[in-house]
Amino acid sequence: MTTVTAAPTSATVAMRARLQDWLPRLVLAPSFLLVLVFVYGFNLWTVFLSFTGSKAFASTRLIGWANYEKLWNWTFETDPPSNWYTAIVNMGLFGGLYIFFCLFLGLALAILLDQKIRGEGILRPIYLYPLALSFIVTGTAWKLFLDPRIGLEKAVHDWGWTSFHFDWVVNPRMMIYCVAIAGVWQTSGFVMAMFLAGLRGVDGEILKAAQIDGASPYQTYRRIVIPIMRPVFFSALVVLAHMAIKSYDLVLSVTGKNPGGAAELPSTFMYSYTFTRNQMAVGSTSAVIMLMTIAAIMVPYIYSEMREKAR
Amino acid sequence: MATLEISSLRKRFGNLEILKGIDISLEKGGFLVLVGPSGCGKSTLLNTIAGLESISAGEIRIGGEIVNDLHPSKRDIAMVFQSYALYPNMSVAENIGFGMEMRGIAKPDREKAIASVAKTLQIEHLLTRRPSQLSGGQRQRVAMGRALVRQPSVFLFDEPLSNLDAKLRVDMRIEIKRLHQQTGATIVYVTHDQIEAMTLATKIAVLKDGELQQVGTPREIYNAPSNLFVADFMGSPSMNLLEGRVSRADGAPKIVIERGDNSPIVASAPASADASKLADGAKVIFGIRPEAVSDSESIDRNAKSAVKFESKVDIVEPAGSDTFVVIHVAGKELTARMRAETDIRIGESHTFAFNLDKALLFDPQTTRRI
Amino acid sequence: MSAADLITTTPTREPSRHSLTTRVVIYGLLFLFAFVYLVPLVVMIMTSLKPLDEVTGGNMFALPKHLTFDPWIRAWGEARIGVSDTAGIAVYFWNSIKMVVPAVLISTILGALNGFVLTKWRFPGHKLVFGMMLFACFIPFQSVIIPMAVILGWLGQFGVQLSDSIGFSFGLGNPTVNLVIVHVIYGLGFTTLFFRNYYEAFPTELVKAAMIDGASFFQIFRRVLLPNSTPIFIVTVIYQFTNIWNDFLFGSTYAAGDASPMTVALNNLVNTSTGIVEYNVNMAAAIIAAAPTLFVYIVGGRYFVRGLMAGAVKG
């Protein structure tokens, strides 16, 4: 059906066309600008703050690298350990254990699930559901579970093994391991999902060829399947490392009020120095260091992924 | 003693019977092609020979020994896959040598074998590369190298050329044929492409829905198909099939093909048909390949029996080396293969001829050839 | 079939080629781990249904001797949280809802539009723009909370000025509104990623055909893309809902006190150092906090996994 309207002038047609041309970019622009300002701009702001003498409030008094020097010195203050030293050591311990066990468990569970077993439809969701929980909920649950007075230690005592000790969650030195346990419980399902998808993506004909070549299931996994999983390893590693560096909620909820700062992590360090100890500049400095660490991991990864997509 | 013997092989999956009683034997040095449409069971059959899938009944013998319950690596077979199935994390040399490694062969012996196979296939310069760095044709050679180095009793090929582009496919087909002639290997080859089947095979097995339709040499399959399915499946363009009626009015049986808008074509029954089975008035399917339909001047001089008829030309398809002419006969489209220089025009009426030496008759009920 | 499909559908079976002992070991390990994964949740539920003396006096693995829903009632309406006057977590539950719903909707729609532009209206530099938005997904929030606090403070002051002059502040300065703003901004990276990957695989010919038919940008979006985007919408909504509902850092920084979201309230409740620790009430509160996301997971688990895969393995 055609309607007869007055023919638009060429000027309005041209303008409308140009608007349509630019419309997509106009639509994208607000989001991009928001990200530009609120992510990159704010990061730069935080970097700026790290060079100032800000205490309780932001100041613009530049003091050069003094904050970084302070943190650098604190890194080596081991006796008594400075908060920053504790934070870094804990980061290494927690991060290392978290990443290692998530990868190990994730791969193991994925391989087990890949053995053509029944009941996968029930098992898989069980391994994955912890992901739906907030870290606070996870921490709360594990704090109870590991509590020596009402949790695991007490339960084992009730069953007869009275010399069993498991007071890690209230022991300042061991708290960080409890955080790792809770973290692995929460995230290993996700790693399992990644590996399972990777395993399922292996060309079936390669497995047939391996059978004909006489490789046992063990050899097939070790020599062929697991090496094929390398990209998945890297993806998982990157995601886990990034989550480890960012973790904040989990530490808080497992350790409660963080007695003596024993379970300090860079994320809690930043928060306490900025908002509780009124040393905004030091807090910003630690935030910048966190950012740089994550960037060092993510940027090469994102870059290589984008390049691959382009190919 | 045949190298490969398959007897009464059946495979069931739940309630579904995928392979229904297959009997094939292949002599040493033979090239057996399993051909058929998608889903006919040819790949399944190959997998059962390899031992990658189990069988429900029957026997498979390789080199005289029953291999039904043997692990694939113990059956003295090697396989080349459609997607090449090269191990992506290993170099070409490691790919070729992996099977030997698994069997515990010492490194120096492995390297010798790899070098010799690489020479045969002309892939020596690729030995240190990874599969991802190779082209499709190169990968196919590496896959063949992995199979060759095994020196098996039987080579199994599972649609190895399907992933290649048309030109490469022709080149690789010739390579495989040359390899077969040079090494005298015994080969079982699966394909859905009947041209590959015809050009490569010494023996063709046509499968449909898990049932063997016919086993024979390419010539037998082409010239004497045992049923309508084989007749139609093999040959490109496919065989022309027309409905006809037997008439024994004047003694020797004749086939009458009614044409609604034209006079019927009356042909003497072809020599290939068993005349005793032709009852008067019986319906038959008259089959004739396009190359046996020509214009009246260019009938094969050796043809002992022919019939001419007039028809209007519907479509002309010049294909370079030939010209395919489509005419309407008895409500069906009939393709004739003519010389490229033919001077035929659409809409014109022209005299065509059937070379009855090549004609075949089929029973429409049983679809078997008469 | 995408990687996510491969893992979300259960594959068909050819009988296993493992020996019986191997299979026993495999099943044994799998069920052992399933047990370990479930036990904390089961303990949580059981504890929430016990009276306090059973919790402190008894074994955490024991079934409740006197089943009671009292902790749940207390958690919902009566428990004291921190120094707040408000009793019960009900208020905070609704705070979370009020925050999550707009944040999810806005960030999802914007993500869809962004994904559309980035894939079907390519312009020079689109890869850089996408890369920058992608990296924004991964920054530690610690590096932006200080500046954000400052900006939100300014917005609050601006809101006061607005309501002084025109009687309406657009909600600026309201903590819930602040959280919505924060979550939308920091959710844009992920939603754009999801939709961009999805639309990348969407046939461009459909868009071109619509253009030839004379449809405008928004018409194409509304009539061609949206109706075919249901799967990715579900994935994105589930992912955003889970992330925003479970957030703690932003909530505790920008919406302390009465306007706290659920997660912050839960943490405060559980970590009150005054008086007796009412474990059963804490557990009930935790389950209430976890309920929405668990429910979403149970109902839309398949899409949940797809969301994870899209985020980490880029489809």
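Each chain gets a letter, A, B and C, in the order it is written, and its residues are counted from 1.
We take it that contacts are C-beta pairs under 8 Å (C-beta built on N, C-alpha and C of every residue); 3 or more make two chains touch, one makes a residue touch a chain.
This one's a predicted model, so the numbers in the text were calculated from it and none came from an experiment.
Enquirer: In contact with chain A and with chain C at once: which chains are those? Just list them.
Expert: none
Enquirer: When all chain pairs are ranked by how many C-beta pairs they have in contact, which pair ranks first?
Expert: A-C
Enquirer: Averaging only over C-alpha atoms, locate the centres of chain A and chain C and give their separation in whole Å.
Expert: About 15 Å separates the centre of chain A from that of chain C.
Enquirer: Using mean C-alpha positions as chain centres, tell me how far chain A is from chain B in Å, no decimals.
Expert: A distance of 57 Å separates the two centres.
Enquirer: Indicate the residues of chain C shared as contacts by at least two other chains.
Expert: In chain C, residues 14 touch at least two other chains, as defined above.
Enquirer: Can you list the chain C residues touching chain A in their complex?
Expert: Contacts found on chain C: 3-4, 6-7, 10-11, 13-18, 23, 26-27, 29-31, 33-34, 36-41, 43-44, 47, 55-56, 58-61, 110, 113-114, 116-118, 121, 123, 127, 129-136, 138-148, 150, 185-186, 188-189, 192, 216-217, 242, 245-249, 253, 263, 266-267, 270-271, 273, 279, 282-283, 286, 289-290, 293-294, 296-298, 301, 304-305, 308-309, 312-314.
Enquirer: Flag every residue of chain A that touches chain B in the complex, lowest number first.
Expert: Its residues touching chain B are 203, 205-206, 208-215, 219, 223-224, 227-228, 230.
Enquirer: For chain B, which residues count as touching chain A in their complex?
Expert: Listed in rising order, the residues of chain B that touch chain A are 50, 52, 71-74, 77-79, 81-89, 98-99, 102-103, 146.
Enquirer: Show me the residue ranges of chain A that touch chain C in the complex, using the header's touch definition.
Expert: Interface residues on chain A, with respect to chain C: 20, 23-25, 27-28, 30-32, 34-36, 38-43, 45-46, 49, 58, 105, 108-109, 112-113, 115-118, 120-121, 123-137, 140-145, 149-152, 154-155, 158-159, 185, 189-190, 193-194, 196-198, 200-201, 217, 232, 235-236, 239, 242, 245-246, 248-249, 252-253, 256-257, 266-267, 270-271, 274-275, 280, 283-284, 286-288, 290-291, 294-295, 298-299, 302-303, 305-306, 309-310.
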